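What follows is chain A paired twice: with chain B in the first complex and chain C in the second.
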Partner chain A sequence: MKSLGLKFAIAGAAAAFALGMGIAQAADKTKVGFVYVGPIGDHGWSYQHHQGLLALKKEFGDKIETTHVEKVSEGPDAERVIRQLAQQGHKIIFTTSFGYMNPTIKVAKRFPNVYFEHATGFKRAKNVATYNGRFYQGRYVAGIIAGKMTKTNTIGYIASFPIPEVVMGINATYLGAKSVNPNIKMKIIWVSTWFDPGKETDAAKALADQGADVLFQHTDSPAPMKLAEQRGIWAVGQASDMKAFGPNAQLTALIDDWNPYYIRRVREAMNGTWKSTDVWGGLKEGMLKMAAWNKKIPADVVKLAEAARDGIISGKLHPFTGPLKKQDGTLFLKAGEKISDKALSAMNFYVEGVEGSLPK
Partner chain B sequence: MDLVANILIGVIIAATPLVFAAIGELVVEKSGVLNLGVEGMMIIGAIAAFATTIETGSILGGIVAAIICGALMALLFAFLTQTLLANQVATGLALTLFGLGLAALIGQGYSGKSAPPFPKLHIPGLSDLPVVGPLLFGHDFLVYLSFALGIGVAWFLNRTRAGLIVRAIGENHDAAHAIGYPVVLIRYATIMFGGACAAVGGAYLSIVQTPLWVENMTAGRGWIALALVVFATWLPGRLYLGAYLFGGITIVQLHSQALGLKVEPQLLAMLPYLATIVVLVIISADRTRARLNAPASLGQTFFASH
Partner chain C sequence: MFRIEPRKEPSTLMLYATPLIAVALTILSGFVLFTLLGKDPVRATLLIFYKPLTSFYSLSELIVKATPLILIGAGLALCFRANIWNIGAEGQFTMGAVAGGAMALFLFEVEGFWVLPSIWIAGALGGMLWAAIPALLRNRFNANEILTSLMLVYVASLLLSVLVHGLLRDPQGQNFPESRLFHDAALMPILLPGTRAHVGFAVALLAVLLTWALMRWHVIGFQIKVAGQAPRAARFAGFSGKKIVWFTFLVSGGLAGLAGVFEATGPVGQLVPALPVGYGFTAIIVAFLGRLHPVGILLAGLLLALTYIGGEGAQIAMSLPAATIQVFQGMLLFYLLATDIFVNYRFRPAPMKTAPPSTPASPTAQ
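Up next is the complex of A and B:
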């Protein structure tokens, strides 16, 4: 049976190699774990979180030891991975996708001495903190640009799943565009995935075929940007600067910058001052940045966009300010009223003017 | 009418990678070998074609590179399962994991780069006809190749002596061995053919459909190709039906959403899979007919003891 053992060893080695898990050694270093939903090379969401991990390494050097597991699907797999990281002695674990919420809470109960940080969720515990970016702010600003740049008055939007995070992004984009272009229309395609370059391309094609000339995406690959470049239309990058994929097409991009937050939280974990918090940072806090404006955007449009950006930073402008109605016509914000964070983070309806029905 | 043409063109583009990967796997399975590494071979094809096209500027060179690399990946599988007699299921799974990791490693420097546009057929007059023109005479050569491949495979398996031998080996490798056919050698050949086809499917994704390189970009298409082979009950014609049905529903549901038709996207996302299952149930209702085409030695290890 010697040869059989060898075969298993080869298969096992190949599998272990492909999983790409770093294996921990030293004990006195603070171990930091990351769980990503996509591959690091997605050039979007997971890529930006990994930039945070690299920033940690740079900041703390050999005082910390990092582990990351990529391409972890949301669900039972995630629970296994998170538990494994906790068992291996990681002091602080960042779980970076909405669907890791329940697995994170579940594992956290069994490891009270491990700090958990869950991105984009709303469930917290004594050892589970949450953090998120106010991406809707950037989408509002990009919406203004899109509303001015479109010739067909049609924005195409590639959406992933009908969770509040995505819904508020759609609404913010629409409100931004509507504020400068009363004739704006939005076509929305739900692709039911965070990452599938082939399908994202197909969706982008469908939108372009039906007359959209500015594409937004709330999925993680640069494929829609690439399609926009090929078709000679505009697009707004998601999570990361996607200029390489659309040097002419990218109007701007929302850039998630997790680095300062990660550095602060890991420092707190190291010196014992870590507490469960809920951080929601946006343009003001620098957790969200806008990529350089496309040079083809006229100066007056840039001015509009920058005024909105600066207004949001100073707190004078909130994308969701009343009077605002839901799609069905009921009022949800009185004139002058600003939406509360609580209502915003539970948003499950389209605002008035967005067409189509929101999937349940 | 333009929209209809656009939808149909979208369907063809979505179905073509599936067709390549599935038709290769069909031949492999007809010879009695189950290679679950399709996804891994596809992604290797995707990066090999993309990297080569970028480095050499030649699209044809990219496709040739995909064919070679896919065949090499398959050769690894063949060596493990046919020479070392490893379990085919475990080796196939390992091949997928290995392929995804290796492609990511090779691809590190290639994200964000742009491949030259893929040339499309243009016959003056014919290609300019409304609807029919772009639909029949306006594709890249790989689309036409995918059809030629299917016809070729059907002809090979059913009308040639070599195809008969492949099928005989798939039905009963011991008997085929006893009458003197080189079972292992022929399986090496079919496995490598399957790898080359899967890699071309992946190449289509990275240099025609998207065209870009991102890690993990096959996103499960290798597994769909595997399912299509069963769906097709190992018949090439039915395999095209399945691939186009799958691609068709995917594209139509995207367009119907953009048109604002009131349908739940979750339901639509499920539809291609649901349709596959329904057709599978209908086909398998007549059990003897479904089994008639299934290679009897599928997945079994062959060991020549004499």
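Up next is the complex of A and C:
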């Protein structure tokens, strides 16, 4: 046992030495690390974060050094990956999926001088900030378009996990569509994954077979968009402009634009003004953008959508404005009342009119 | 040019040499792969197979990663030796985590020396229960255990998902599908301070020792060997095939369950839907790479853990695609199975053009 301990000690010393060398070499460059849940090639969520990394490279050139690790499972491996990035002298680390929350907090405790940025989580610390996009705003706008464009009055929705982020997206889509089409119906399929092109395609097929002619997705692959293109129905892209996968099918897409946020935060990390914050940016802040409208959308529908978009940007319109009832009929927003961010970020019920029940 | 000829007896030399040959061929193919990807193959290979051995932290992570692989592999080897194909260790792992994790949550904030053992026992029982299903189906209905055990993997992971979305969900977690973090008394004691290496590794070593002793000295070990190598002889000797099915499934399920609860209360510290990451399947490679021998499994478990840790390091340092490591592990199993032929067969230069009298029907000699 003793000799084993000694061996470890020697190995540790050697590693510390090697590490010291590494830091000395890169002292003048700020190292920025990214952890992705999917492959960069998902053309959705992780792809878009990677665009942020590329934007950083463009902005800061050789003043920074970037590292990314893709397909890191939200299980036991996450902590090691994050810790290795911290240990290798990364000054600021972006962990870009909800499941990295506890591992990020754990590692952050050990590395008080490293800044951590966790996307979509709710736990913060002195050196852990959180950030997320108000994607529900874009879904509301897309819902308006879908409500007008559908011939079958049926929207198909591919959902991932019944977390507030996803539930508020479903509700916002429904409310948007309902505001222009009182007969709208929504069919929802839960696929229990963020990225699985096979499952997503199956769900998209099932929805199309059940008469849905506009598909929404809260999953990350372009598979549903491809299926919509094949079937000659509409779809709304997720996280990234998916026009390449559905040149005719894509009505619009929600585009996550992390670039300005990433550039600002890395600059703050470089000049020492970084502070732990909780940023929830939407259309107004530019963290969320709408892809170019499909040319086949009639001008009056475009007008409606743009009015909603501009209303949300100016603050006049909030997708969740009372009177609103829950699915079971209880009132949760009085007439004219706007939902608080706190209530919104814990939303765990469907609004009145959405059929089915949340998976338990 | 060459002829493949059966050996009179399996070659002991080849039995031990083929895993090494398989590793060498994998590394060689890795060279080709990295070169094709436009990466420096020497650097990549060193990063994967050598770099993790040079720092204390990555050595400790090697132990974290190898623990479940060795535990599961040791159990699976018993099954495979008896020609019983438990492919569902991943599900037994998951159910161990579910049962043990549920016990930990049930005992939330409870202190006492008995907390940890109760959680471990619950985990082992969870794995055994899940393994008992294919064992029962095979013994009672002669159902193919490959299919039943594999299908139950998906049932287990869905069950985990249902529970963390509902019953076991963190009440303060804003509806996110995770359990609360286990309290300290429920967590695995740490073996090396400042790391995640926990006492589960010691248990894994113990499992290696016990399964080795069992196969060597205990009568059931003998029965397992005979049942695997000469099923008819086993029947003539009056060994109960059903008993062997029960025994191997329950032991391997129990060990996989332990691995699951160790993982949940060790490195993860809570129940999350993404808890099963494929250890149960990788352990199949571990068992075969280790020649179904406990000591071999120990080494193979460490080697596979090395490819995980090293692969991650290479991904960080060289931006290698994440799929590289899966390709590596796949190649390892492929080469192992391919080179297995040398154990029972040998290559001999074929005789010259004169057609051998034994094969008059073949139109060409070669």
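In this section, the second predicted complex is superposed on the first by the 334 of 360 C-alpha atoms of A that agree within 3 Å, B and C clash if a C-alpha of one lies under 4 Å from a C-alpha of the other, contacts with A are read in each partner's own complex, and residues count from 1 in each chain.
As a working rule, contacts are C-beta pairs under 8 Å (C-beta built on N, C-alpha and C of every residue); 3 or more make two chains touch, one makes a residue touch a chain.
The structure presented is a predicted model; accordingly, all values stated were derived computationally and were not measured.
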{"item": "Contacts of A:341 with chain B and chain C, given as first, second, both or neither", "value": "neither"}
{"item": "Which of chain B and chain C A:205 touches, first, second, both or neither", "value": "first"}
{"item": "Touched partner set for A:39, first chain B, second chain C, both or neither", "value": "both"}
{"item": "Partner chain in contact with A:156 - chain B first, chain C second, else both or neither", "value": "first"}
{"item": "First, second, both or neither for A:99, with chain B first and chain C second", "value": "second"}
{"item": "Which of chain B and chain C A:278 touches, first, second, both or neither", "value": "neither"}
{"item": "Which of chain B and chain C A:310 touches, first, second, both or neither", "value": "neither"}
{"item": "Chain touching more of chain A, residue-wise (chain B, chain C)", "value": "B"}
{"item": "Partner chain in contact with A:68 - chain B first, chain C second, else both or neither", "value": "second"}
{"item": "Partner chain(s) touched by A:84 [first = chain B, second = chain C, both, neither]", "value": "second"}
{"item": "Chain A residues contacted in one complex by chain B, in the other by chain C", "value": "8, 11-12, 14-15, 18-19, 39, 71, 192, 359-360"}
{"item": "Residue ranges of chain B touching chain A (in the complex, touch as defined)", "value": "2-3, 6-7, 10, 13-14, 17, 80, 84-87, 90-91, 93-95, 97-102, 104, 107-108, 111-114, 117, 205, 209-212, 214-221, 250-251, 254-255, 257-260, 262, 264-266, 269"}
{"item": "Complex contact set, residues of chain C against chain A", "value": "53-59, 61, 64, 158, 161-162, 165-166, 174-178, 181, 192, 196, 263, 267-270, 272-277, 308-309, 312-313, 315-317, 319, 321-323"}
{"item": "Chain B contact footprint on chain A (complex, rising order)", "value": "3, 6-8, 10-12, 14-15, 17-20, 38-43, 71, 156, 187-193, 195-199, 201-203, 205-207, 209-210, 212, 221-223, 226-227, 230, 244-245, 355-357, 359-360"}
{"item": "Chain C-facing residues of chain A, complex", "value": "8-9, 11-12, 14-15, 18-19, 39, 67-77, 79-81, 83-85, 87-88, 98-99, 102, 106, 122, 161-164, 167, 192, 345-346, 348, 359-360"}
